[in-house]
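Just below is one structure, and these are the notes that go with it.
Lettered A, B and C in written order, each chain numbered from 1.
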Amino acid sequence: MSRSRFPTLLTILVLLFFHAPLVVLILNSFNTSRFGGSWEGFTWKWYDLLWKNAPVWKAFFISLKIAAAATLTSVVLGTFAALALHWYRGGLQRTHGWLVGLPLLAPDVLMGISLLAIFASTGVPLGFGSIWIAHTTFCLSYVTMVMLARLQDFDFSLMEAAADLGANRWQAFSRVLLPLLWPGILGGALLAFSLSIDDFVITFFVSGAGSTTLPILISSMMKTSRNLPIINALSTLLIAGTFLIAALSYRLSRPPQS
Amino acid sequence: MNPAVAVSPSRSRLPEWWLTLPSLLWLGAFFAIPLVLIVVLSFKTADLRGGLGPGWSLDAVRNLTEAPYPELAWRTFRVSALSTVYCLCLALPVAWCLARATPRIGQLLLLLIVVPFFTNFLIRVFAWKSLLHPEGPLSAWLRNWHLIGADTQLLNNSGSVMLVMVYTNLPFAIFPLYAATQKFDFTLLEAARDLGASPTRAFFRIFLPGIRQGLLSAAFMVFVCTMGQYVVPQVIGGTGDEMLGAKIAQRALNDRNLPQACALAAALMLAGLLPWLVAKLWQLSRRPRISTVSTVAPSTPANVYPA
Amino acid sequence: MDDFLILDSVFRHYGGRAVVDGISLQIQRGEVFSLLGPSGCGKTTLLRMIAGLDLPDSGRILLQGKDLTRTPAHRRPVNTVFQNYALFPHLTVAENIGFGLEAAKRDKSGIAREVTRMLELVRLTGYGKKRPSQLSGGEKQRVAIARALVNQPQVLLLDEPLAALDLKLRQHLLLELRALHAQVDTTFIYVTHDQGEAMSLSHRIAVLHSGKVEQVGTPREIYEHPRTSRVAAFIGDTNFLPVTKAVPGQEFWTVQVPGLGAFQISSPITNPISGKPLKISIRPENLRLWCEMKPPAKLLNSFPATVAETVYFGTHTLCLIDAGGHRLTLPFPLDAPPARKGDSLQLVFDPADALIFESGDPPAPAPV
């Protein structure tokens, strides 16, 4: 194939396209200017205001708690689901596979309204519990996908070898399966955690009055120009945090060097 | 030898059920049933205090044919289709580069694409909002270069909405295309060239058909995602840019008209299902059924640790 | 001679066909017993059922009189050397070897001692702290053997352990396995599709095909007196000639081979039914040149042939010859006068060296 420069050029442009807004955002969080039209000097002012902003921290902790809870349930459910899908074939698993794969394709709005519908008709109050259920539901599919990818590399004959050597069910599970699957589980957990912290649309539909998560707070803050620079600062911090988590998750999702 | 003692082995299906049930039940209860519920609730009456009224009615569904819904639907469809095209056009070269790169550079590229994707969606939209703000850097820069007039607004602009839409959806196009491009055998292109085909001809006749599956997946993902989008038009665009998703949210949360919102959502579901159904039927009609029978029983825990 | 391990009419169906179709075997204590056959013959499935990694649909497996059929794998005094070694990648060599002892809850110092002893036995002293990823194929195989043997199993199962290794290494490890067996007092069951391995290693071989046992015997019995044409074709090379008429006699049968005439063949062990299509099998090394023969002591069958092709193999030259419209092979040792394409030969063979089989079996693939 002719070594056309076009794809490479375009890829570089696309990468710039991806990163430029974020870079500008990060820069502007240190910019004295309110709208970032021009550089008016370095400042920590916005971070300072952020630090003192109580609602932000309250929302942050609510997001953390929900994320922790949702991560726990989605990882447990997702690991079981992945094991089932990997080890077994047949009608049950085909249906199971469909059910697990569909949430990945469904638009957030659809999931949001459908969950609202079922909570409204069954009388479940909207609050921490409803958000936790919603988050677990969409995280489950992602965790399952990560675990499945990891399981593809898992050599099942190792379990047979363990049994052959005299390990009972529990010993084989704890000494062979779990240690080898652990990085995948951790990767799935980190993915679920970041998805939960990030989510806006679905949470918007199923949150009640007292459970404002961070994204919901940011969205209401975005409507007034007064708060723009604080959001810059907050965003920068979140970008840094997500970067770290993403890098960790990526390293853990890869197969072992064998 | 004596006749064998018949042994019925305990090849129990129990472990499979133990592993499958938790996620099956959870998703059944919180994903499958709710989706069905939306369709059902479209036929209920609305209670003025929010929530559902007692009886059944076709009002919500009938309203779909009246303003503003048809125009909304058309706009949503048009924007989704256009953004799908743009995304595919941009994603193809990127997927190409990723697949052709050496493993190390490929991983680096992938990381560079994935990381912004992992940052909070709202923040990414906000980054654009602040970038496109009339007093923001981009406007100032463009004005200096006399590319736009003093009054031009970059926000509340359909073009900007499309731009940000493409921005947020591009990764959804890149991933399936990347997966397909990785599996593509590039020596086929060398063979085509060897046989006298020009690069363009090889691209359209060999490469694109070869990644057909990936193209369809990418198109489907972007289309469905954009159909349901509501944050981007709301934040970046003006009232003339509103899409279905925002209307659903408005009806459900602001107007507290759940049946109407459900009717809209059900319409959205159908709109998303249709292209998928078409694609699946087309696929099924073209592929022959191949069944493989292996000679060794599969290894499952039930064999190794009989219940 | 006690029947140590008994397989009694074991059946295993999968995907609508019988993968193991009623196999019964009696294996003696301390012997090396091979299950030999082409892919898909059921040998691996049978091995896995002995190990407990698969359950038979019917039939029994008895070890020293105890019925093991329903015992789960981890409770059987049987250990396996897997084809892909199945070494635990997250554990060191020492931890791999000690795995079974740990599962049996032995004390740490005892385990350490056994592991060291095993490492010495397989000649990998000092490798304890290494990881499987750092080992070569041959080293991994030895660790797999050590890991299985350290538990002092009553039966050691080996599932094509040399399949993944190159020729030289295979030959070397084959000898090591023989030496190992002499040192430990364990029954080996060896699964392979390579008849050379089976012949050189085993006390007895069971030749399997399509889930059934074709023949059980010592390597010599199987090679010199195959019971079916499949066994004759699978073990070593052989030439097949179709037979149009066979007249049974007491000591000899007289058979008509189209294009070549009548031959005297020793009476077969099995009784091929006269009405069915038959063929005779002659090993290439049993075809001799007339000029080499000393004055014949007993009846000999002779026929003319032309050399069609010669293939040089280093240790010998293989001649492809045409005789009466049939293609046969014949090895020429290096010290024989070289045969050339087109040469005419007169060949003879001893009636005792030819075997009659029913021709219902699928024809053997042409040798070379």
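Assume contacts are C-beta pairs under 8 Å (C-beta built on N, C-alpha and C of every residue); 3 or more make two chains touch, one makes a residue touch a chain.
Being a predicted model, the structure only gives us computed values, none of them experimental.
Enquirer: Considering only mean CA positions as chain centres, point out the chain farthest from chain B.
Expert: Checked the centroid distances; the maximum from chain B is C.
Enquirer: With contacts counted as C-beta pairs, which pair of chains has the highest total?
Expert: Max contact pairs: A-B.
Enquirer: Averaged over CA atoms, how far is the centre of chain B from the centre of chain C? Could you give it in whole Å?
Expert: One centre to the other, that is 56 Å.
Enquirer: What is the distance in Å between the mean C-alpha positions of chain A and chain B?
Expert: Chain centres of chain A and chain B, defined by C-alpha means, are spaced 16 Å apart.
Enquirer: Please output the residue numbers of chain B that touch at least 2 other chains, ranges allowed.
Expert: 299, 304-305 - these are the residues of chain B that touch more than one other chain.
Enquirer: Quick one: which residues in chain C touch 2 or more of the other chains?
Expert: Those would be 52-53, 72-74.
Enquirer: Show the residues in chain A shared as contacts by 2 or more other chains, in ascending order.
Expert: Within chain A, residues 157, 160, 163, 168, 172 contact more than one other chain.
Enquirer: Tell me, which parts of chain A touch chain C in their complex?
Expert: 155, 157-158, 160-168, 171-172, 175-176, 179-180, 256-258
Enquirer: Would you tell me which residues of chain C are touching chain A in their complex?
Expert: For chain C paired with chain A, touching residues are 51-53, 72-75, 78-80, 82, 84, 86-90, 99-100, 102-104, 132-133, 147-148, 151.
Enquirer: For chain A, which residues are in contact with chain B within the complex?
Expert: Touch residues, chain A against chain B: 1-2, 4, 6-8, 10-11, 14-15, 17-19, 21-22, 24-25, 28, 34-38, 76-78, 80-81, 83-84, 87-89, 92-93, 95-96, 99-100, 102-103, 105-118, 120-121, 133-134, 136-137, 140, 144, 156-157, 159-160, 163, 168-169, 172, 194, 197-198, 200-201, 204-205, 215, 218-219, 222, 228, 231-232, 235, 238-239, 242-243, 245-247, 250.
Enquirer: Hey, which residues of chain B end up touching chain A in the complex?
Expert: Where chain B meets chain A, its residues are 16, 18-20, 22-24, 26-28, 30-35, 37-38, 41, 51-52, 90, 93-94, 96-98, 100, 109, 111-124, 126-131, 133, 135-137, 139-140, 167, 170, 186, 189-190, 193, 199, 202, 220-221, 224-225, 227-231, 235, 244-245, 248-249, 252-253, 258, 261-262, 265, 268-269, 272, 298-301, 304-305.
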